[in-house]
Structure formats: C-alpha cells, structure tokens
Amino acid sequence: MVSAHAGDFVWRAGGAIALAAARGDRATVVCLSYGERGESARAWREGRDLDEIKALRRAEAEAAAAELGADVLFLDAGDYPLVETTGLVDRLVRVYRETEPTVVLTHTLADPYNGDHPAAARMALQARVLAQAVGYDAPGEPLGAPPVFFFEPHQPEQCDFKPDVLLDITPAFEAKRKAMERLPAQRHMWDYYTSLATRRGVQLKRNAGPNLGLESGTLAEAYMRLYPQTTRELA
Amino acid sequence: MVSAHAGDFVWRAGGAIALAAARGDRATVVCLSYGERGESARAWREGRDLDEIKALRRAEAEAAAAELGADVLFLDAGDYPLVETTGLVDRLVRVYRETEPTVVLTHTLADPYNGDHPAAARMALQARVLAQAVGYDAPGEPLGAPPVFFFEPHQPEQCDFKPDVLLDITPAFEAKRKAMERLPAQRHMWDYYTSLATRRGVQLKRNAGPNLGLESGTLAEAYMRLYPQTTRELA
Amino acid sequence: MVSAHAGDFVWRAGGAIALAAARGDRATVVCLSYGERGESARAWREGRDLDEIKALRRAEAEAAAAELGADVLFLDAGDYPLVETTGLVDRLVRVYRETEPTVVLTHTLADPYNGDHPAAARMALQARVLAQAVGYDAPGEPLGAPPVFFFEPHQPEQCDFKPDVLLDITPAFEAKRKAMERLPAQRHMWDYYTSLATRRGVQLKRNAGPNLGLESGTLAEAYMRLYPQTTRELA
Amino acid sequence: MVSAHAGDFVWRAGGAIALAAARGDRATVVCLSYGERGESARAWREGRDLDEIKALRRAEAEAAAAELGADVLFLDAGDYPLVETTGLVDRLVRVYRETEPTVVLTHTLADPYNGDHPAAARMALQARVLAQAVGYDAPGEPLGAPPVFFFEPHQPEQCDFKPDVLLDITPAFEAKRKAMERLPAQRHMWDYYTSLATRRGVQLKRNAGPNLGLESGTLAEAYMRLYPQTTRELA
Amino acid sequence: MVSAHAGDFVWRAGGAIALAAARGDRATVVCLSYGERGESARAWREGRDLDEIKALRRAEAEAAAAELGADVLFLDAGDYPLVETTGLVDRLVRVYRETEPTVVLTHTLADPYNGDHPAAARMALQARVLAQAVGYDAPGEPLGAPPVFFFEPHQPEQCDFKPDVLLDITPAFEAKRKAMERLPAQRHMWDYYTSLATRRGVQLKRNAGPNLGLESGTLAEAYMRLYPQTTRELA
Amino acid sequence: MVSAHAGDFVWRAGGAIALAAARGDRATVVCLSYGERGESARAWREGRDLDEIKALRRAEAEAAAAELGADVLFLDAGDYPLVETTGLVDRLVRVYRETEPTVVLTHTLADPYNGDHPAAARMALQARVLAQAVGYDAPGEPLGAPPVFFFEPHQPEQCDFKPDVLLDITPAFEAKRKAMERLPAQRHMWDYYTSLATRRGVQLKRNAGPNLGLESGTLAEAYMRLYPQTTRELA
C-alpha cells in the first residue's frame, strides 16, 4: 500500500488493511512523506517546527498501523509538493521486490485538491511495472502482476472515482475506528469516515441483494480496479 | 442469460455457461428471437422461408445449448427490429422470478452494428429491476440483486466494451467448441472465436501474473460489470 | 420539479425547494406516479392493496410538500415501469406553460437501479423543449429557457453523477428534516440523508474556501447542470 | 442524408451535398418533417396555419436543395415531437434500398436542445442496419456498409460533437450560400453559418499544415464518424 | 490569471478581465513566457533576434493589459517548451499569496496543439493548492479556495473543452477589441475572436432564454469550471 | 515513426511501414531505446549482459526494418524507465526537421502495462509541435502538420484505444510476417499478431461493406487519429 502522506492509509483503506492482517497476511504501508507541510495545518498553527511535526506524524501513523496490524515504512520524500524522481521510484521497486505484495493499494490518478496523491499513485504504478522486469537492476525476483486498487479520495466524483468494488469491512471496522482515534489532530474525521463506511455499506447491501445474509449494520470501503479482474467464476 | 438472437449465447458466453453447468448450477438461456431475419443471411440466400428458418435456428440453438448443459427458452419476439414492449419485459420478469438467477448475462448497451442487441439488454435490465419489486404483479418472490455481466460484442471497441473481468474458460472450452460446431451455417466463426479465446487468454495471463500456475494454453472470455463487485476480500 | 415517484423530491431536493419557498418563490412538484409498486415494499408486505397504497403515498407526499412550502401535482401515470407516452409529455408541457418555472429540477438521465428515474427525466426534458416552441399546440406562452438541474441519485457514481453545483441548504435544513419525517415508512432514510447533507456540506466548505464565513455545520445538496451557466460575472 | 426538419440539411451539410452534386454523384435529402412546429416561430407569430407553414417550408427546402443540386424527399412525419415508429423506420429502409447511398449523413445522437434531432438520427441508423439484412422484407438488394457522418449541431460541445473530419467546402461554398439565402425566415443565420465555415476553415488549415496549398479563404464543415474509417493508406 | 505566453490573456479572457477591472477589482495577469519562440513566427521571419522579440512581445502585452485595466507580470521562463520546475511553481505560490485572487483563470489541461498551455495550467493549479497549505514556506497567509476557470482554447473540441459557463462580456467588448488591436502582428485574429464572441453570445442567449432582456448583439466568452460551483441559490 | 523499444514498430505498425515503403515513400523508424531491460526477459534469463542484449536487439530490429523497407535510428536513451528529457525531445525535433515526415506514428498516450510507451508518445508529440515553430533553434525548415496515428497496443481496451482507422495491409502482410520472423525471441508473437491482423481484417470488411471487392483473406492494422482528418471528400 503506497500513500503520499502519513495519515492517508487509515482513512481510505484502514478496513482493507485490518481485514488482511486479521487473515494473517502481511500488510505493508509505504508513506512517501509524513504529510508534514500539506496535512498538518493544526500543528503549524500551534507553532511546531518541521522536525517536530514529522516526528509527531510518524508516531501517530505508527500507532495507527499497529491498531490495524500493519507494518509501516517512511520514505521521508517531502510533501507539498511530493516530487517524482527516478530515485524514489527505485526505492519503491526495491520494496515491491522485497515484500512481494499480492495486492497493491494506492491513490487515484486524478485529484484536483491534492497533487501529491496522483504523484504517489504514478510512482506506485511505475515502480510496479519496473519491478516486473527481470532486466531491472534491483535485488530479488521479478514481481508478479498483483492487482491494483485505488482507494476512495475525499471528493470522489471530482477525482473520477467510480466504485468498482465494495469491500465489506464490518468485521474490521472496530480496528479501523481505533486506528482513526490514534490521529487526534483530525478528530472531526472520525465520525466523517464512520459515516462514509455506513454509506458505502448501504450501497454494498443494495448491490449484493437481500440473499447475502448481511446484517443491517454493514460497513464498507469503496475501491476502483486499474486492471481487469481475473477469475474462474462469474459472481 | 438474455440474448437477442438464437446463436448469440454460444459465441459470446458459451464458456461461462458451460463452466456454470459443469459446477452443477442451472443455466437458462432466453432467446428473444431466433435471429431469423438479421442473422440468417445464408438461409435466406438458399431460398428458405421464414418458418423454416426459425425452425432451423431453433434446432441449432437447442443442440448447442445441450452441448453446454443449458436450458434454452425461445420467446419468438421477432428480430430486425426486435421491438421493445412492456409485454415482452413482463415475460422476462416472470422468467427471473421463476429461475431466480444468481448471475445475469446480456448484451452491451451500445452496439452500432446491431440495434437488437442493446434493445435486448435494455429489456433484460429493466425486467431485472421490476422483478425486484414486491409490488410488481407477477408470481413468485421478489428477485435479489444478481450481478449483471455484459458479454463481448463482435466489435468491442465500437461498443464501448472495456473488459472488467477475464474469465478463465480453459476447462470449458471443449464444450464451447462443440457447441459452436452445432452452428454449421457460421463455420467461419468457429476459428474466429477460438482465436478470440486465445487472445483473451493471453490477456488473462498477463493480468493474473506468473504466479497463478496458468498453463500456456489458457483460454478466456471477457465481460464487463454493470454494478460494482461486492466482496469480503480484495483480490 | 419533475419526479418519478411521490417521495423523491423530499430526499433529493427538499433543501432547494424549501429555500425557494422561503424566498417567496412558487415551488411546484410534479409526481408522475405515487411510487406505488416500486417504492412501497413495506406497505405491500403489510398486505395493503393498490388503491390504499396510492392514497397513503399521496397523503405522505402532500404532508411533506406542505413542510417545504411547495405545491404538489400527481399525474398518476403508474410506476414500475413508468411508461413514456406522448400524452404524458403533453401534460408536462401544459404544466410548464402554466407555471412558467425559472428553474427545472429532475432525475439524472442514467440510473441502473431504477428505470423510472431516467424515464421521468427524459419526459421532463422533452416537454421543456416542446413548451418552448410557439408552434406547439398548448395553452399559454412559449416557455423561456429555464436552467435544468439534476438532483443527486442514491448511488451517484453509478449514475454518472458528478456534482457541478453545491447548494448551501443550511437555513432550509430544518424544513427538509421535518418533510423527511413525514415519510415514516422510510425512517431509516432520515439519518441517511442528514448524513449526506453533512458530507456535501463538508465538500461545499472545501470548495468555497475559508473566507466565506460558513459556520462548521454547513449542510448542502449536490446538483448537476444540463446546460451551461450564463452569467455576468465569474465567481 | 436524413434530417429531422426541412432546413437542417442546408446549414449543417450544404457544403458536403453541393460537393457531391458537383462531382456528379446523386445526393438525396430525406426530411422527416417540415419543422412546422418547432422551427417556424416567425410564421406562427405571423398567424399562418399549419398547412400554410408546411407548404412554405417545403417550398423553401426544395429551392435550397435545387441550389445544392440535391433531390429532396419529405416524409411528413410531424415534428415537436418527431415520434419514432417502426413504420417510419421501414420507409427509411426502402429509401436506402432504392438509393443505395455510399455515404450517410445525419444528426448527432445527443442534442439537449432538440429531441427531434437524436430521434431522426436513431431512425436513420436503425434503418441503415435493417436495410443490410437480406431477411428484411423490403424491395431491393441488401445495403452495403456506407460510412455514417454526423453533421455539426448548433451547440457542438453540448452535443458531444468532437470533429473527426474537416471537409474543405471552399469550391462549394457559393452554392451553400445561395441555398441559405433561399431560407429568408432565418436571415440572421446566413452570416452565422458563413462565419462558422470560416472558423472551421481556419481549423482545417491548422490541421492540414502549410504544405497543402490551401488559400487563405478556406471554408470547411465539420463531421464526426460513427464507424472507423477503412483505407488503404494512412494520410 | 496564469497564461503560458504573452498574448494568450487577450484573446481568451480579455472580456472577463475587463469586466473585473470595470467593477473595480484588481486583475493580475501572469505571463510565464513571452511566447518568444512559439508564438512569434512573423517576427522571426522578419529576422529579429530573441531579445528583440521578447521586448516586442512584452511591450505589446503591457499595452493590451492597460486597455483591459490589468496588471501584468512576466516570469520570463522560456517557451517551446515551457519547462515545469518546482522553482517556477514556487514563484506562482508567492504571487497567489501576495495577490490573494478570488478567481483563477488559466489554460485547459489538454491541448494537442500546444504543450506549453497544459504545462502552464498544471503549474497554475499545483501552485494554487500549495499556496493553501499553512505549512508551505512562503510569505503571506494561506490562500482560500478561489474557483478555477479554464478559458477557451483555439480548437475547443480537440482540447476536451465543453463550456460550463457563458460569460456576458457585452459591456467589456470595446475594451477587449482595443486590447486585441494592440497586438498588430496577429491582425487576422481580431475578426476571428470578434466572430467567436458573437457565436458564444448567440449560445448564451439560447441558454439564457428570451426573458433575460439580452439585446441582439450579445457577446460572450466561454469557460469551464474545475471545481463545483458553490451557491446559496440555484439559477 | 517513434517507438519506445526496438521491436515495437514490427508488431504494431509493420504493415503500414511496408505499405509506405512499397509505394516508394521513405519510412524512418526511431527507436528511443533497445528495450534492453523491459522487453528482453529471455536474454536476461540466458545470462547475457547489458551490452550484449543491446547489440542483439539492435541487430534484430535492423533486420526486421530491412524486411519492411524502412530506415531505423537508435537513440539509445535507456528503458524501464524511459526518462523524458528536453535533450531527447530536442533530438526528435532534429529528426523531424530532417526527415520531414508526412505522417507520424507512435504509441498511445495511456498504457497501464508499460510506462515507456506513453513517455515515448508524449515526447514524439511534443517534438512535433516544437518542430513546427520557426523560433525553435534547430536546423531545417519548420515542420508542417503531419497527421498523427497511434498504433494498437497489446491490450487495446485498457489503453483507451478505440480504432478510428482500419488499414488494409493485405498486400504488405508477407513483408510484415517476414519482419516478425526476424525477432526469434518472441516466436509466440508471430501467430498472435497474424491472428490479430485477421481479426482487424474481419472488422475492416464489416465496416467497408460488401461492395469493396475485398477478398476474404483481408488483413488489417488498427489506428487512432490524434487530430481530425482533413479531406476534400467524405468517404
């Protein structure tokens, strides 16, 4: 899971990460930056300096990741703007080769509210393709073809986000809520993302039909696929 | 599975149907017409009359369905043009209520080469929604929310067909080939659709990655979803 | 405002209607049907008959409209399916000619969950164009060119709904909430649409910027324009 | 060339028609209606009755067609609304079978300002497909596959009109101007469409490059293709 | 207003700028380059050298800006290609922080005829987002959320330009015409853009309806919004 | 013709190139890289080193180009990733100015399977625009406006590739097949691309109609235009 800023993974994909961890899969979150400039308004207004803010955001993200059961890796590449470089892409290639993910989650490719998100997504996707090439000079075996899922941005319609997949996160929501509560600076988001999970849950039930035995409190996260699903059965 | 003409289900979704039948699921094909005017050029050129052609197409479709393990239902609504009526939609509602499908397959909503295909799709979709309403006056229980898959049209790009799902039909391909061979008037299509299955199989392997243990002769069919996938795990 | 079913106007555009009424403008709601078959599952399950259900839905809609300060007109054209006819379009032309609306609200043109919604929208739009023609044989003066706004459907992304306009309904929300509470059969929707108003309000604030003096509890409804905005000032 | 109303062919495709006639090709214009209700505001305001207006529009269209060198056929199907029927489509099939066009021109499939235009286009396209089927019961040989070009609507961007083809009509513009002048009720359109031809001519020159020897006064019409171009050389 | 080359602001947004200045608002034009290589063909053919051309274009742009009542700022970043750098974006951030615009105008994000235009737009948008962050290290207060309007490119349909907003520039057109006439090297454009203003004016009238009291000589400019409009009233 | 890797031009546009050469036109292929890292898996697995692989790919590409009758130019810019630089674009400008192409072929702008392809396309397009400017500092005359065609990617629908043009390559196919056979490392592609040519040929015949006298073994390549076609006749 590749995200631009330290907090992104919690709000947008905390449920998917907690589900994976609960299944016993390894979940690795790569934070390209701490979100120290663009996503830390309160800390700046409180007069903190850059290093304090980075340490603060790092500690919060680590605590949230622990609630979800995920590893977290900080590349400290700077934000606002997050600048795309071949060096940073190369670091991501190495992470892919080492962790051999079976699924990749990242930001949408469009986001008119935050240029760091598409920049992170472009690097995540480029590195995934490079990591597949045996001729790319990095340790490890060539990567397979893990499917890519874009998680939901804050203003989905403005980011051309049309949900392809509604993921039932009901059993993982308690962990997600706890992880959100590890980010006290964004307390107003706790209820906002709980309410979004309810909304996506209602849509999930509508699309899954009454026969699925979903309890009324279904909670969900929405995703978009980059590549076609491959399967042995239509369902 | 709702198709406009008698032969459509074989070429476009024969693999999915045979896979379902092989799993022991019931597969029902509804042919709104026999394709007697629009898809029987050879028979017309040979001087057959309308009733002969309808009988011929019906017999072929039944033989092909038998190879796939599917039931087939003919509504004999006429083709070229297939005219949308509330009566025909009502018949489809009754079929849904009776067969309680867990998956619906039909044509794409755009097809500039054949207006009957979108007309069939629109009726299949409208009837599915009507069948869900307890207040709709037809026997049986309200339908659940079976996912809808559009099968691949003859000229996919011109029909806005972008594959969402690549279905591995390798184990079912022998049955599909036999079903195709039950349609002798379109002998030139046998190899054409075998070649398409190879092409979609190559794409499936590319998207599934080397770790899936797919043998080199993978064969596939392509589909598009109308509604988001609902799932308990991203994969 | 043209809607397919009796309840639609409350959930989707209650704020806009209440705002207009509060400004002293006349707001007229045209319900093409009562939603008696497709949107009255609970009443059917309770064993009511068709006439009872229509009366019930009518009474509820009238009570809700009264809370909003709107007139409501029932054309009783039947639902599930709502069938498009030139006669029904003609009735809408006459309503336009008589009420001379300065703004038209209706459903989106795509809705894979409910075919009555696009059918209502197509008729609302066709009638608007016909009413503009001096040669169309109906009483009254030719209509001007009132802008058209599509209100938000239940599953916006699946209906190609991308908000163009975020309308601040904070001062009208109390009336909208009361109108919703006049629809007791859909009690679970009261909080759902309150939560949606909060969500759209957060987006409104994000797009309007900090300088607008918007209090933190801003509530909003989302709309899409069919035609370009005409203006004397960019803002 | 299939148009909804009597005047449409002049403004939108007069250049293409005159070019074809000048090459010695037969050009047939089918007017589904006279535009008697929707496009004759001035005549209605002058107090003419329906029959007078139809006669007036017919005479004007015949005079304009003569300037362009085209035949014109009036189906008198009524406008505002132009109602789609299988009977009307059947008449178009017979025209196709008889005239065996090598190119088909019609309206765009979207036009939020005039529902008759898409209705005419849908019928023109459906009839073209039906006319191709040997099994369709109408005199004449099955039609080939004439390419379809959509001509430019009045508000191109709102009709999803993105020009695929810029046609140099410089040598035919004098005939087009004369044909426009045969439509005195729309005098204000003469200069409007002359100015549009200039604008499209400037774009043609920009896309054709300096090497084409186009004089500075190049005039053009814009078209969109429905089907891919087939060719033996890329150019 | 951020433009790639010195002349762009006059042709595409001169009306909006003059309207703003006439209202007493401050209008600042930022020209990232002089258009010295890509938009000065005549001067190069006359044998001028680079510095002469830059001086010439600068003087013309200043004269045109004076006619419109705007300030103009030249960043002299070079054109053909205009290269995106973090340094240049940072200069734009500082301009935003200093001028605190309430509206931002720039090029479309797609333009297959001129790569400098999208490059300018991308930088204008990125800088606007960066300027909003309190943590971004530049003087001044964080920027609000000024709406962004894309002005009309030379070949609108090829640039995915679909007008959202038609701005009535009738009262400002005299100033726009005078500003255009300050650019003598592009004399052929004077009438071209006058004719475009007429065309957009006709469309504005069609969309605004007959009740707006618009005189027949209405002139307009077309714009697209990047973000949804926020409003307290639908109109 | 600008391609990212050494082999691309054979599979995707070999027919168009051979047709041009057969007509006596000069065909120049620019390979930005040898595809040494990303498209040479077999050679890496065989233990070759980088220089060997580059030499191997170069020799193969030269042999294939010779079969087609084309010149080939290697810029050796490196692949996986192919990095966009102003220097590399400048080299392409010089190639354009020197070869004065009348047609430009390149990759699609989207390709989620291979980031080098869009990078090559962006540079090919940017350089074409720069080469048109008299003020751009490179030897030779300003380029005209050669039309641009995108050739077909490996997974067309995922790359937003919708064929605009179907090119009949039947007379050139023997040369294309021979050229493919010069690339022994990709032996499995020989039949794959032969089968694709058959498939596109079937579509060409369907779109061209029965009157074109196309023999049954028609073979074709598919292309998309970037700019509108300019023509003196609709066909």
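Just so it is clear, A, B, C, D, E and F label the chains in written order, and each chain counts residues from 1 on its own.
The rule we apply is simple: contacts are C-beta pairs under 8 Å (C-beta built on N, C-alpha and C of every residue); 3 or more make two chains touch, one makes a residue touch a chain.
Worth saying up front: this structure is predicted, and the values here are computed from it rather than measured.
Where touching is counted per the definition, the chains common to subunit D and subunit F are B, E. Per the C-alpha superposition, subunit B sits rotated 120 degrees relative to subunit C, a value rounded to a multiple of 5. More than half of the contact pairs of D-E, counted by residue number, reappear in one of B-C, B-F or D-F; that pair is B-F.
The pairing of subunit C with subunit E is characterised as same-residue: of all residue numbers used at this interface, over half are used by both copies.
Rounded to a whole number, the gap between the C-alpha centres of subunit A and subunit C is 36 angstrom. Averaged Cα coordinates give subunit B a centre that lies 52 Å from the centre of subunit E. Annotation for subunit A: residues touching 2 or more other chains are 113, 142, 158, 163, 203, 206, 227-228. If you draw each protein chain as a dot and join the dots that touch, the picture is not a line, a loop, a star, or fully joined; it has some other shape.
Pairs of chains in mutual contact: A-B, A-C, A-E, A-F, B-C, B-D, B-F, C-D, C-E, D-E, D-F, E-F.
Subunit E meets subunit C in the complex at residues 16, 19-20, 23, 102-103, 105, 142, 144-147, 149, 163-168, 203-204, 206-212, 222-223, 225, 227-235. By the touch criterion given at the top, residues 86, 89, 125-126, 129-130, 133-137, 142, 226-228 of subunit C touch subunit D in their complex.
Looking at the complex, you find that subunit D touches subunit C at residues 36-38, 40-41, 44-45, 53, 80-81, 83, 112-115, 158.
Across the complex, subunit C is touched by residues 113, 154-158, 161-163, 192, 195-196, 198-199, 202-203, 206 of subunit A.
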